[in-house]
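Got a structure here, written out as structure tokens. Questions coming.
Read from first to last, the chains carry the letters A, B, C, D, E and F; within each, the first residue is number 1.
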Amino acid sequence: MDTSLVLQNLLSPAILFFFLGVFAVLLGTDLEIPAPLPKLFSLYLLLSIGFKGGVELQHSGLGGNVVLTISAAVVMSVLVPIYCFFLLRSKFDVFNSAAIAAAYGSISAVTFITAESFLKVLNIQSDGFMVAALALMESPAIIVGLLLVKLAARDRRSDVNAGWGALLHEAFLNSSVYLLIGSLIIGFLVAFFNPSGVEKMEPFTGRLFYGVLCFFLLDMGIIAAQRLGDLRRAGAFLTGFALLMPLLNAGIGLGIAVFLGLSQGNALLFMVLCASASYIAVPAAMRMTVPEANPSLYISSSLGITFPFNIIFGIPLYMALIQRFIPAG
Amino acid sequence: MKRLDLIMSERELDKVLHAIRAAGAPGYSVMRHVTGRGRSGDVVSESMEFSGLGANAHVIVFCDEATIERLKPAVNSILEYFGGVAFVADAQPL
Amino acid sequence: MKRLDLIMSERELDKVLHAIRAAGAPGYSVMRHVTGRGRSGDVVSESMEFSGLGANAHVIVFCDEATIERLKPAVNSILEYFGGVAFVADAQPL
Amino acid sequence: MDTSLVLQNLLSPAILFFFLGVFAVLLGTDLEIPAPLPKLFSLYLLLSIGFKGGVELQHSGLGGNVVLTISAAVVMSVLVPIYCFFLLRSKFDVFNSAAIAAAYGSISAVTFITAESFLKVLNIQSDGFMVAALALMESPAIIVGLLLVKLAARDRRSDVNAGWGALLHEAFLNSSVYLLIGSLIIGFLVAFFNPSGVEKMEPFTGRLFYGVLCFFLLDMGIIAAQRLGDLRRAGAFLTGFALLMPLLNAGIGLGIAVFLGLSQGNALLFMVLCASASYIAVPAAMRMTVPEANPSLYISSSLGITFPFNIIFGIPLYMALIQRFIPAG
Amino acid sequence: MKRLDLIMSERELDKVLHAIRAAGAPGYSVMRHVTGRGRSGDVVSESMEFSGLGANAHVIVFCDEATIERLKPAVNSILEYFGGVAFVADAQPL
Amino acid sequence: MDTSLVLQNLLSPAILFFFLGVFAVLLGTDLEIPAPLPKLFSLYLLLSIGFKGGVELQHSGLGGNVVLTISAAVVMSVLVPIYCFFLLRSKFDVFNSAAIAAAYGSISAVTFITAESFLKVLNIQSDGFMVAALALMESPAIIVGLLLVKLAARDRRSDVNAGWGALLHEAFLNSSVYLLIGSLIIGFLVAFFNPSGVEKMEPFTGRLFYGVLCFFLLDMGIIAAQRLGDLRRAGAFLTGFALLMPLLNAGIGLGIAVFLGLSQGNALLFMVLCASASYIAVPAAMRMTVPEANPSLYISSSLGITFPFNIIFGIPLYMALIQRFIPAG
């Protein structure tokens, strides 16, 4: 494997600030990014990535393998939770298995964004429609997770349990999916009808983007390191799962990318979507609909292990694989 | 008069406030961004507020005993299922 | 010892704190960004904090009964006119 | 009327993000911009608009119809509350009538800013002194509102009622008026004595501006939609008032603009100042000085109806009228 | 059951929470960004939160009397040295 | 003394916004920058100044008088608290004397940043390694302060008092020192291994910087003015100390700068480091380790007097002195 890719990634500001956050916790400093600043950054990143994705989508159009790629992404977000669930059942109850499975079927927008920045450094193009794939992979995983619970655990209390209406609502209208898709549509409309509007947004959604990402990753480093303690309680099985499942999913993602003939850039984003796990939309939905599951299991594995693993080692590793299997565009 | 203190995840806030209103409480106050530690030993920290879990909320209700009795079943049912604590004490209007 | 809990719009906070200091309270604590619902059914929501109305504030005062009596007239006069609630309970120093 | 103006406005990022906020509430998503982020955006917008206005004021000077225009703006902020008051008295008590009237005499800075952005897209110039007009229209409306209460309701409790000193203080030194005028003066001084300082501020106060406005309008959309429920309680009269009063005031504003020979750009801003209603400075003053009035009436009408109406339909409509009556510069 | 309210600088929060956990309390809740005024007349204001001093924190613990007795020495020792207040009242589970 | 330097400084946006904050309090407006926004700005400024300093450090290298300058800075941060302590003992007890002394041995990052902006306006260069000096002056002052307490006050309660481990931890790993040094190292690494990363950070850490500084100084003005009341209680001695000690320290700093042959730009930054007093790292450490000291004494003198004095009069005054004693580069 190409060690220069790993180094290039490790020495990018984004990853270095992530480590700065991790060491802040490990060394016991009192560095903190107080609430609601992380929320500000995360809203900003979703809005910007959505808007820019919409603009690019309008420029590139919906032809070619766009529809196929997005469909494949959605299919992955349905299949991944299913095989995760059966694997996890060997160790966890129905509720925890379903909740963790849903997290791994869904995606992490920050991982996606970090991969995009990585591509930019390598001067490799990717397409705006991948943001649409990102947005569309959240909801199916949530629904599959809940279906698994409904099917496998039939005698739950029904008085406080949300009905299907509420579940679908949570799956399709949770705030991060909504903001992402909404900004995507706005970007598309503005690029189409009002191109000068794109320029006016650029300093905010474009130029500032990388710096805000670094600031946010500083906080993510803090949070991820705080979660490491929980993991010791969660045990070796879950830790192994959180490290190996991204590799497996990325591998399947690579296969699909080769099959669909995706470009190197889109292939990396596709692999990252498959490999990453959710810590925003899915926990929100699971907390509401599967309160029996222990949040520290699904949050800690996705945020404390899979997220750092993907942004630190996963992205360059996946890129190295892509360079072997997909010719440069 | 009574004073009711409720602390639970902000995710259940709407459900709880609905139960309080339904019981005819004369009003309530809500403090968000509350962190803490509960039975399970799980810590709810401010740094998780951006995640889907959110932080806790603290609800205070000043009301008469009858209202407490009316809101008790619904509120307790929510807290039992989702977690959180609820305590009642005496309080006199100033 | 007594514990006084006051909840009202942060717009009146200075007036209320002035009355508390004037009554010789040994100290007080203030929590802001409180939301809620009162007699009129009006909801004070966090999203209105940027508007001129502002959110609510929660004031806690631990003091003796005599101080409560001294601050009572001024505080009640403010709350009656502007809205808000005030309740007193017993509390022992740890 | 020129439908392309309406479309151009509707499809600008600013208005689209406003709608995104509105639909977030209507669809029941849990999207929120937690406090104090809206405050951050609103402080930023006031500081930036003030600073840029001061810089432009220094460049354009105080000659020509500057003084006349500003005086006309102040006169409008005195007259509007008076006729609003008598109209509202047919339905509301003295306190509510005066408070709503004061809101409509005063202005909305965000409406003004949105109109400025609209002008920029059309490549129509406006002048920095209009920001001074903006700043100077807040206080008179507040004072008139309080005078109306003092005159019409004589037997109020005097023990808790603020005296005239406090009222004038609140009118002239409330934080938004203060920040706006202060930044205006700073902009003026810096442009005069220290032009390189203007450049150093530009990336912050200039380039970022439009993006922050969009983010803030997302929140304003959420807030406006949350207010719609209150309006049903307030009834048809107030809803009608909140829709028609901006039109009337904008019409009078247009007459004055033609009379004073304002340019197209300044005329639009002038009309928008007349047509818009306050939801920051006036509510702050009214809450303190007329607590008998029900805040949900004056906040909901200005924020829930007049504000959306102005930024969505009002601005292009006023522009279409201007294009009929005022020749392009 | 008892209710314990602690208000002190957030700088001592970790020490205090440690003492509470060590006494075996079933849980606790923390509200930060609290401002106030104490014995010395010093005002802790929100605007100083960015400075090294920080604002205050408000800790609520619902627990039984035995736990109160167990945490009392350690907590009181911290508060005496660093400042802050602690009061206990009765509270019944809803 | 060159009055044009004073005027140039007084009429810079940064200082004018500081005054806007001061007058907001003096005039009794309700302007406030609610928490945690000041924290956001202060984290941003530390991160940016650190990152940019690291980049410049990499460009300029560690040769020449770099090591000597940094060593001199550290020596000053050790000596200043010692002579301050003995001076202060004439009026205050051991605890307060040590805490105030530590504050004056340490530094104020915002004063440093304001001096840097001042240099930029004058087109005078300074070097990135001065940021390293800034970072390295915090910890020694804290340790000296605590040593003074340990030596002078032997019979303190030991049950609640932090041991040496905790003290060193607080001195070297308090969050502002950590963030500053961490960002410095990141800047250095990125400039060395990944120069395109510097460019990607530039819009965030570079262009936005001055505007955020102004916004933050608006808040600092508010805070400084709120502290003025405390000063009346603190008395004339402390007020005099807070005004004269910066002058004395700046004078010694000038001597060292001349001796070391520093350039004009570096000399100003060196003087400002000597002259400024800490209101973040030192209060954090003192609150924890010397709770017997009254925070309002050390915070009010450093934040209410020394800070405003330095940014308003000190910086141009020190520059005027430099122009007399050090030839332009």
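Note that in this section a residue touches a chain if its C-beta (ideal position, glycine included) is under 8 Å from a C-beta of that chain, and two chains touch if they have at least 3 such contacts.
The model shown is predicted, which means the values in this text are computed figures rather than measured ones.
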Quickly list, by label, the chains bordering both subunit A and subunit E. B, F
What is the chain whose Cα centre is as far as it gets from that of subunit F? B
What's the farthest chain from subunit E if centres are computed as the mean of the Cα atoms? D
Taking each chain's centre as the mean of its CA atoms, how far is subunit C from subunit D in angstrom? 32
CA centre of subunit C versus CA centre of subunit E: separation in Å? 20
Separation of the C-alpha centres, subunit B versus subunit D, in whole Å, is 39
Can you tell me which residues of subunit B touch two or more of the remaining chains? 31, 33, 46, 89-90
Contacts with two or more other chains, residues of subunit D listed in rising order: 32-36, 39-40, 174, 203, 208, 284
Mind listing the subunit B positions that touch subunit C in their complex? 1, 3, 17, 21, 26-33, 60, 62, 89-94
Okay, in this complex, where on subunit D does subunit A touch? 7-8, 11-13, 16-17, 20, 23-24, 27-37, 40, 117, 120-121, 203, 207-208, 210-212, 214-215, 218
Interface residues, subunit E side, partner subunit C - complex: 4-7, 31, 33-39, 46, 56, 58, 68, 72, 75-76, 79, 85-90
Would you mind writing out the residues of subunit D in touch with subunit C in their complex? 32-36, 38-39, 41-42, 157, 159-160, 174, 219, 222-223, 226, 278-288, 291, 294-296, 299, 303
Would you mind writing out the residues of subunit D in touch with subunit F in their complex? 35-36, 39-40, 43-44, 47, 51, 169, 173-175, 178-179, 182-183, 186, 189-190, 193-194, 196-197, 200-201, 203-205, 208, 284
